[in-house]
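Below, each structure is written out as structure tokens.
Presented sequentially are two complexes of chain A, the first with chain B as partner and the second with chain C.
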Partner chain A sequence: MLAWFPEWPLSALIAGSILVLHGVIALTGPMWAPYSPTKILVGQPFASPSTAHLLGTDNLGRDVFSRVVYGERTVLTLSLSATGLGVLCGASLGLVTGYARGWLDEVVMRIIDIMISIPPLILALLVISALGSSPLLLVLTVAFFYVPRVARVVRAATLRVVMEDFVTIARARGESAWSIAHKELLPNVIGTVLVEFAIRSGYAVIFIGSMGFLGFGPPPPTPEWGLMVNQGREYIVTAPWAVVAPAVGIASLVVPLNLFTDGMARLLGQSVPWERH
Partner chain B sequence: MLIRLVASRIVISLFSLLVVSWAIFWAVEWLPGDTAARVLGREASAESVRVLRARLHLADPPLVRYGHWLEHFVQGDWGESLAADRPVVRYVFPRLRNTLILAGLALGLYLILSLTIGVVTALFHGQVLDTWLSVLTLVGMSMPEFVVGILLVLVFAVAVPLFPPLALMDQVKTFPGLLYTLSLPILTLTAAMTAYAVRMMRDNLIEVLESDYVQMATLKGLPRVRVVLRHALPNALGPALNVTALNIAWLMGGVVVVETVFNFPGLGRLLVDSISFHDVPVIEAIAVVLASVYMLANLVADVLVLVLNPRLRAS
Partner chain C sequence: MPRGYPERPQTGESDQLPAKPAVRGVSFSISPGETLALVGESGSGKSTIVRAIAGLLAPTRGRLVFDGQDITLPVERRTKELRRQIQLILQNPDASLNPRHRLWRIIGRPIEFFFRTSGREQQRGVAELLETVQLDAGYMWRMPSDLSGGERQRVAIARALAARPKLLLCDEILSALDVSVQAGILNLLRALQAGHGLSFLFISHDLAVVRSLAHRVAVLYQGELCEVGGVREVFSPPFHPYTEVLFRAQPVPAPGEDLPTDVPSGSELEGEEAVPACPFAPRCPRKVGSICDRVPPPWSTVSATHAIRCHIPGGELAKLQAI
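Let's look at the complex of A and B:
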């Protein structure tokens, strides 16, 4: 792994370090955040940034810095688990259909065509408002939208590998489907899966943030960045910091994530499937 | 072969639309609380709740109601808004008009910007400006619309009060006034669409610029501008159309977020409001309209890819 470093573009290395920082904040943040994220009136409402409140306080006198730090964990947990689940299910589905081909593949691909044509944000709004806004449901909804998209990409990659001689030879040797899948196919599509995971984590942060902003994410007073931006909007003139801090939080997460993905994809010789999320 | 493929895409899209309309109907039916009781409020008598339930056919089995609803919907009868007590069509159309104005202006600006920037990137391919544009497009693509919108408000409406922070349509009289009022939401939508298009067009243009016939044109000694404009650009236009169709599909979700940021009285904002008012017929109508445009734009993008890239037709 370390031997790769000289090949990584500088932008991807810088982006990678910022991502590590985000990870560290998510893991350790609650240990050193100065205040509780939900406790009101830990300072005067609308207090501007000072040594006592690094990023000021919001309309309820909550410490914005602590809320942003705790929010990191909320945002990363939700988006990474949604992406992980979606990519895991999608990649398995793509691997199986790409290897099996035949009627199973046909049927699954038609279902996938239909699933992909569903407009994500609109359907997510309806589903969340119908079944109630729970973090678990949000994760499942986002994963549901990723499964067909990942499956399609991984299936295409699998189809390319299945045609190769070494798979034919493995089949001729009489190896089991399972052994072929994890010894021959998986090592050859893992790059595709990694790029899918990286790019979709960024989309998930944006999607979940937007849901939070629209009021369909985790309910208040959860420290979630999208929700914080929406709540701070009303007081944008009096307390701009309450809006800027979570907005910069999201931007400083997604931009490095995509820069990193771009660099990683180039190293792995993959094209990045940029999409309109 | 091509016609068969396109026809199968259209059939799949129609079927998807049916599935999606059904999903929308189900999701809305599942909204918590009894619609009739919710609309009439807490003081409603049992009798009036019963009457309204009968009027809304709430006692029928869901599949029957879906059939009813679909039949009326395709005939243009979208029911009565529960919150506004008006026909949904009359309630939704002024909002649809507003959204079309906003989306249309954003698309216009997007076309001008992305074509210009696309040509500039091609002309300066491999130079410093190109590198910066490439980073800039990636940043533009990575920013959620609500973050871009709110940052624009902070800079151009709060810190330097150049433009209005909210896009309120009722004071708009003239076209310049319209542009002034909508400047920030237009910019927000345009930024995301342009970043994506330039990124896609750039990758494609680079491929075209490295192709044999463009190299040939350069070796013949043609000026750079002529090579790019006459030889390379026409071949990049197809993918640009495809990207534009994808951008239009994206707009259907983008307007929901951006209209919320700027309190703009459009379809997206009405959808979010109607969900909290539990206004079932309005939610269904807007969701179906947005979903249809989304799916139509995606269909166009798919068909364009098939028409423009014969290699893909085989699979």
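Let's look at the complex of A and C:
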């Protein structure tokens, strides 16, 4: 098995397998989870882990294991769609401004500077308390934060390519800007885009978890991990499993994502910008 | 029908040096099947001229004429047919091929773009072009990183040929290559010209290469032409003083007699200092006097095809330079 991926570091391979496991749980979990995630009193409240309830039950007697399993789909859907949307728009913007340069680039970059100076959590709380919490709004907010950050990185990568002679040749041939962007430039910046996607998925999981924890995520009784940690918090002494299980869920997603990104970035010859937010 | 480029491209404010245009008062023409070599040191404006002809930068003054048609247009406003007929090959073969594309895509794209052929037919075209530049057709599945510098430059030539051009603009296309590899590409270029009746605008600072390939030579110094003529004429006296310096600068296996070789090595013009009437005056070993700084030198005709731009008449230059 290792022989198939000789160039990948072992840590990235292990991380990759864990991520695949997360994906499988998200896809198939509802088919084999023992209980409904929202049904109360499937067991005694605060029941400790047993064969009937692998991870015990919470204060309402809901099966924690089933809730964690169902929660996987919520967490992955929200964070991946937010990251996907943000990276898609940001990368397109970065590619266009990097290719066009001139006044368009200047204007867009100044707008991006302003957008980046907005503190994410504060604006997110403001938006959601004003417009009400909904999963769609959460996704859009996270994507909104990612667009300028991804655009800046992809623009920098594009600027390195755009002066190359093969772009000059394509221009002299009369290729359209669209054709140059996706045929000549994109293949040379796709590595950067992939690394951005991977690293920002991890941030998105944390951010969406935090929003859930603060009560600005999907409303109860949705089995969302951040929300579950918050709800279990009051009973942490009597039923620690109700807090630990979803917390481990988040950690087991974020840590492998970062390790996997690290390996992928090294393989693609990209820098790993851990400080970037 | 003769094809010519009486042209005076000047770079305007868009370029870094607003005060001094990169190219001034340059006028020359190229006939079908002819190779015109443009010679000059780096910074003399050779690439500016190529880029202007390719439509990549706009001359602030002057005209470009191709097949009797005014082509003083940026590339976006040129017809597809015109863009097809003028093709460009650049100096650095490592940078001129997209490192993420296989050769079939690199060479196939102009075929698809200009002739709307795809699939089998396009693949056959790529194979033929690879064979034209003496590479194996199987190379089409390779990446540029699998190739040597010389092979990459052959691919760049094949990509230019894919458009079936009339005029090839070759910007220092041999200078990044080994001498042994250069010879192979020189032969290829000669064969292409014989086979397809191509015209070349061949930019080079290598006089040996120019001598073996060019029919006519134009010598450029700091954006101005100083000598134009047939290759034999330019390569024998009378020379323009700058051309003479260029030859002296060539390493010669058996050095000749004592000649005035103490040429001041390039004096850069600083700040507000006025541009002399003859741009070569500050470095000229045969400077006549203050006239060179004040009065633009006239073109003196040595023969019907050979002209030198200098205050010293051609006959006198010949006497001075006769060995």
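One rule holds for everything that comes next: the second predicted complex is superposed on the first by the 270 of 277 C-alpha atoms of A that agree within 3 Å, B and C clash if a C-alpha of one lies under 4 Å from a C-alpha of the other, contacts with A are read in each partner's own complex, and residues count from 1 in each chain.
Note that a residue touches a chain if its C-beta (ideal position, glycine included) is under 8 Å from a C-beta of that chain, and two chains touch if they have at least 3 such contacts.
Predicted, not measured: the structure shown is a model, and the values here were computed from it.
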Contacts of A:R160 with chain B and chain C, given as first, second, both or neither: neither
Comparing the two partners chain B and chain C, which touches a greater set of residues in chain A: B
Partner chain in contact with A:I118 - chain B first, chain C second, else both or neither: first
Touching partner for A:E184 - first (chain B), second (chain C), both, neither: second
Partner chain in contact with A:R101 - chain B first, chain C second, else both or neither: neither
Contacts of A:T168 with chain B and chain C, given as first, second, both or neither: second
Chain B versus chain C as contact partner of A:I206, first or second or both or neither: first
Contact residues common to both interfaces of chain A (with chain B and with chain C): none
Residues on chain A engaged by chain C in the complex (per definition of touch): 164-166, 168-169, 171-175, 183-184, 187-188
Contacting residues of chain B [partner chain A, same complex]: 12-13, 15-16, 19-20, 23-24, 27-32, 135, 138-139, 141-147, 150-151, 153-154, 158, 165, 196, 199-200, 246-247, 249-250, 252-253, 256-257, 260-261, 271-272, 275-276, 283, 287, 290-291, 294-295, 298-299
Contact footprint of chain A on chain C as seen in their complex: 54-56, 75-76, 78, 80, 83, 87-88, 90-92, 95-101, 109-110, 113, 159, 163
Chain B partner contacts - residues on chain A that touch it in the complex: 11, 110, 113-114, 117-123, 125-127, 129-132, 202, 205-206, 209-210, 213-215, 226, 229-230, 233, 236-237, 240, 243-244, 247, 250-251, 254-255, 257-259, 262, 274, 276-277
